[in-house]
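Everything below concerns the one structure shown next.
Order of writing sets the labels: A, B, C and D. Residues in every chain begin at 1.
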Amino acid sequence: MAIIVDNDTRLVVQGLTGSEGRFHGLRNKAYGTNVVAGVTPGKGGQDVDGIPVFDTVAKAVDEAGANTSLIFVPARFAADAIYEAIDAGIGTVICITEHVPAHEMLRAYTYFRPKGVTMIGPNCPGVLSPGKANVGIIPAEIFTEGSVGLVSRSGTLTYQIGHELTQLGLGNSTIVGIGGDPVVGSSFIDVLAKFEADPQTELIVMVGEIGGDEEEKAAQYIAEHVSKPVLSYIAGFSAPPGKTMGHAGAIISGSSGTAQAKKEALEARGIQVGTTPTEVAQLVAERIKA
Amino acid sequence: MAIIVDNDTRLVVQGLTGSEGRFHGLRNKAYGTNVVAGVTPGKGGQDVDGIPVFDTVAKAVDEAGANTSLIFVPARFAADAIYEAIDAGIGTVICITEHVPAHEMLRAYTYFRPKGVTMIGPNCPGVLSPGKANVGIIPAEIFTEGSVGLVSRSGTLTYQIGHELTQLGLGNSTIVGIGGDPVVGSSFIDVLAKFEADPQTELIVMVGEIGGDEEEKAAQYIAEHVSKPVLSYIAGFSAPPGKTMGHAGAIISGSSGTAQAKKEALEARGIQVGTTPTEVAQLVAERIKA
Amino acid sequence: MDLYEYQGKELFKRVGIPVSNGRLAETPEEARTAAEEIGGAVVVKAQVLTGGRGKAGGVKLADDPADAEEKARNILGLDINGHIVRRLWIESASDIAKEYYLSIAFDRGAKQPLFMFTTQGGVEIEQVAEENPDALIRLHTDPLEGYQPWIARKLIYDAGVEDPSEQKQIAAIVEKLYRAFVEFDAMLCEINPLIVTPDGEVKALDSKFTVDDSALFRHPDVAEWRDTSAADPIEAFAREKGVTYVKLDGDVGICGNGAGLSMSTVDVVAHVGGKPANFCDLGGGGSAEGVVDALEVITRDPQVKSIFFNIFGGITRCDEVARGILEALERLDMSKYPIVVRLDGTNAEEGRRILQEAGKPNIYPEATMLEGAKRAVELAK
Amino acid sequence: MDLYEYQGKELFKRVGIPVSNGRLAETPEEARTAAEEIGGAVVVKAQVLTGGRGKAGGVKLADDPADAEEKARNILGLDINGHIVRRLWIESASDIAKEYYLSIAFDRGAKQPLFMFTTQGGVEIEQVAEENPDALIRLHTDPLEGYQPWIARKLIYDAGVEDPSEQKQIAAIVEKLYRAFVEFDAMLCEINPLIVTPDGEVKALDSKFTVDDSALFRHPDVAEWRDTSAADPIEAFAREKGVTYVKLDGDVGICGNGAGLSMSTVDVVAHVGGKPANFCDLGGGGSAEGVVDALEVITRDPQVKSIFFNIFGGITRCDEVARGILEALERLDMSKYPIVVRLDGTNAEEGRRILQEAGKPNIYPEATMLEGAKRAVELAK
């Protein structure tokens, strides 16, 4: 099983002929992901190491049977790429591109949301289901197959925690980096719901950070809808109020959105919050073995 | 039962203090419709013959419990009124206003359609469920309560057919004038689905006219999804190609959209098409008695 | 409201779609002056709201101003499918390497804008659709998503345009045409042909542009472009009077209230063997004054021999219609027309009483639509 | 990017929101000239990207140009919440009858624009939200529906604005503010106070405007308004170098890759009893050059005593980071800083080998994030 990407994934990479698209597209393929097509307008008919390139996503769907898209196009073309993928019938869209204008994402989000499309990102590391498929830039070698679902707003912090889990002999069902932008396609709640429904996932780790109120909303959702154990880690306890710490999403407004407030909201719902990435991994190990 | 409007209807009239809104709003009330509120910006706090007037639809929902809206505002404010009603949580919107710009309706339609709202019109006579509620400008005295569902793109033609039915002692479950504009909130198919699900309705009469392909699509829908008998009438057999016959919807483009093409599409699916309103009524009477 | 080629091109220019330099002319002399101002070879094009003007001799190349004057003289006054040529568009002649087709239509059926594009332009698009359907790229888009660059890319790549410069120019034109479609509330924006010159320049050589009548209040300048002279004189008069009227070819004048009932009345008259002279809709209101106006319009048609009033009162009150008919009998010369009147619905009894009391010999009351139609057909014989 | 009041008002003017006539001044003399040009009484307003300037003495009324000069002299150089006043906005003084509040925020939580309006303006909106929540009208709207007139009506009627002229003016301002919000890719547009003068004129007396950094490429003129002098000098330098850097108050310099891991590193350093000197994110790339830049930025802070590199290679390659550190040791004077380095992920072994072979005495490799943090804290003592 696993979620979002798996053995049924038939991937088209939008921007496959660009340097990043090519590098990660081929890495994803080397991992075993079924990369069926690339799209670069004007380069239809070419191929990248045997992966056929088309001018439009529609052609990649019609002729290569793509059902999942990985977007590597520059920020100012990202919204267009998302619309193109969705209107071509792609059901799962994963957008790595950072610095996508927030208003464009807001309109795109409002557009695709009622259509039941799964969108991850933008400004995210992608999705990895160890042993099945890797779609994005997550270094797959850190992770092993297993039963821990991992969802995070951050890239490298996810690797850190994954690494700590691997050190303790724990594997993952799927690792989902939802991205740190003001508007992302999937929230913690969206991903939690998928993990809850996934038989492979036995325990969920949610890695949050300061800014917004997604972790607080997730806490309530977990209490009401998630039967599997959930553990959490929050980054940004030492962040000064009003400062942006890299992610546009991490602006604190007033008292709400602080790491402390998020921790309290989670703990109030019985969700344990580790103090360091190392501690989170230890907590997971204890819970799994219990 | 009946469809769209009934004893559960709690009506707010947008534009109640205007001359048309007042005239028909009070007529609807006199018929027995539960008219709970009017809305006219700047006239909140006033009343029209005891019907309280509010500044916003949201207030009419909050304070008077309105669940259905009847729109009589001028064409250039109609789209705004539709959005206001839907965003205030109104589930059924009936818009009488004619000459609403087509592009505005197109955007509004695309907006509200995924929300599951029932919208009738614009440029329509409204909806009448005899003995229960009358919302719009249909002269209720022509009709009696009964088992024939009537759906039509035209106003007075509906009265004509209703009158013919009444002459033959046949009553109606609901009479729905869907309107003749290029974009209307509900198509024949939407209304047919409601009649099919309505226990009071035993037979359906569909009154179409030249232009568009709604009748053709309805024919197919009926063949696949409607178990109740359907009879039809189409206006415009004598219309010359390329001429507008009053309704903006009635422009023939090429051979498609002619009355003859619609008749053939319906008959091919086994749906009888009466040659005159009188004949349609007679066919209904025969079918009901059979 | 359908726009002339030159009006559509004016809107194209406003959004930045390339068109040829041109001038309007209504006389051969104006055509000569226009050709002088433009310089070089020009095309003299009949401005008519119908297709097929090329085959009808409505489009001619002229080498110089004198030639333009002569060609204009030949074209002005031509009858093209019933449309008399009164205006000419004189524009710089273009060399044509390729002819493409591009349009955006308001697709009522799909309730979405419909883009159509093909490299097989220059002929009627229906012909392409029939003979070479795979060459016609059709694309519905979401009005809330709005224009996105992938739309142009899909049209261009699916149609097989391969030249990068053409691709770029066409993509820009697709975006601008969509802007024109939305900004001017268009029901149709068509460029046929969209040409590529031997130099590789892409431009709109013709335009077909229909603006939503209901949105004209937002485009007062476009609304003023309406050419009442182009319409049938009776239809023009009807528009002036605010009466919805379409001329047909028969002898039974028809007046109903509401488009559906009026259409149905025309059908029933034909069904019982008559020849309808017109479609005429009193509309929702139906005041006495509106009835007088309608009768004035209907009786302008010399073919009319009898008149059938088929009224089902809803908002329209039958007593008001009856008064209007009597008023018309006094104000207009109606004595030669037998008038069959069928009244039902709101205040029908009062209306019938009014007519009966007036005792006019040429008024024939009938109880039903069918009987009224039969009587009117009879009286037209 | 946060805009100064005068910049936000420039955008207000562009969409037609009424503001007072004003001039920018950076010296007392310029303030006098501005007051002369404006005429009459003026207000001298400190331009700082922080709240509470009124209480801090940053806003003063001046009766005449001489007075304006004096007030400017008093205000320039003031420290308001750590922001030094370097610019003044001199504008025509307004008589105030009422103070309202209006804003549109990009609500990330709801993923919708959020309109807020109250007649209790002129104070911090948080205060209204707390003390008089019913007076604060909040309205989320759908970005695809866009602006519709009912939005303004709901705000106005729910807030209890009763004067028809005020209603009309405010409705127009709400529509224009939404246009500004969308056109300029705003994360926040706030007017506080939105005043009504004794003559009944409604206008924006202040502005708070934040533009999405990711959309600045679409607004090159706005992007140029960025005032690098306002930032902390080290942060300004970091921006110049393209390094994501936030100054904190401690002595352990921190450098991670990726915002989440960097933040977590700051937390862990604090958790083990240290005081982080900064947040510094190498970002996704992490070239050797980027590492040198980051170290140059970090060492500009005189409080820094030790540095902790915490790298988990994904796209970032650890060997590249190691090379960058060695490069920095050569190019910068780094001898006084102990540098703790923890490398994991892509090419980590190679990175560790490079550092080991270099044999630099002030480089301390550590195997884990936690151990690295502890060591860095120790070394800062």
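Here is the rule we go by: a residue touches a chain if its C-beta (ideal position, glycine included) is under 8 Å from a C-beta of that chain, and two chains touch if they have at least 3 such contacts.
Note that the structure is a prediction, hence the values are computed from the model and not measured.
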(message) As a test of understanding: of all chains, whose mean C-alpha position lies farthest from that of chain A?
(response) C
(request) Sort out for me whether B-D or B-C is joined by the greater number of C-beta contact pairs. (result) B-C
(message) Report the inter-centroid distance (CA atoms only) between chain B and chain C in whole Å.
(response) 28
(message) Taking the mean of the CA coordinates per chain, how far is chain B from chain D in Å?
(response) 54
(message) Nearest whole angstrom, what separates the Cα centre of chain C from the Cα centre of chain D?
(response) 57
(request) Averaging only over C-alpha atoms, locate the centres of chain A and chain B and give their separation in whole Å. (result) 47
(message) Please output the residue numbers of chain A that touch at least 2 other chains, ranges allowed.
(response) 111
(message) Residues of chain D that contact two or more other chains, please.
(response) 142, 144
(request) Give every residue of chain A touching chain C within the complex, in rising order. (result) 41-42, 44, 55-59, 77, 79-81, 83-84, 87, 111
(message) For a test of understanding, state which residues of chain D touch chain B in their complex under the given definition.
(response) 141-142, 144-145, 148-150, 153-154, 157-158, 164, 167
(message) Show me the residue ranges of chain D that touch chain A in the complex, using the header's touch definition.
(response) 106, 108-109, 111-112, 126, 142-144, 182, 185, 187, 212-215, 217-218, 244, 246, 248, 256-264, 266-271, 276, 279, 281, 284, 312-316, 344-346, 368-370
(request) Would you pull the chain B residues touching chain C in the complex into a rising list? (result) 75-76, 98-104, 106-107, 109-111, 125, 137-139, 142, 152-160, 163, 180, 182-183, 207, 209-210, 212-214, 217, 233, 235-240, 243-250, 254, 259, 275-278
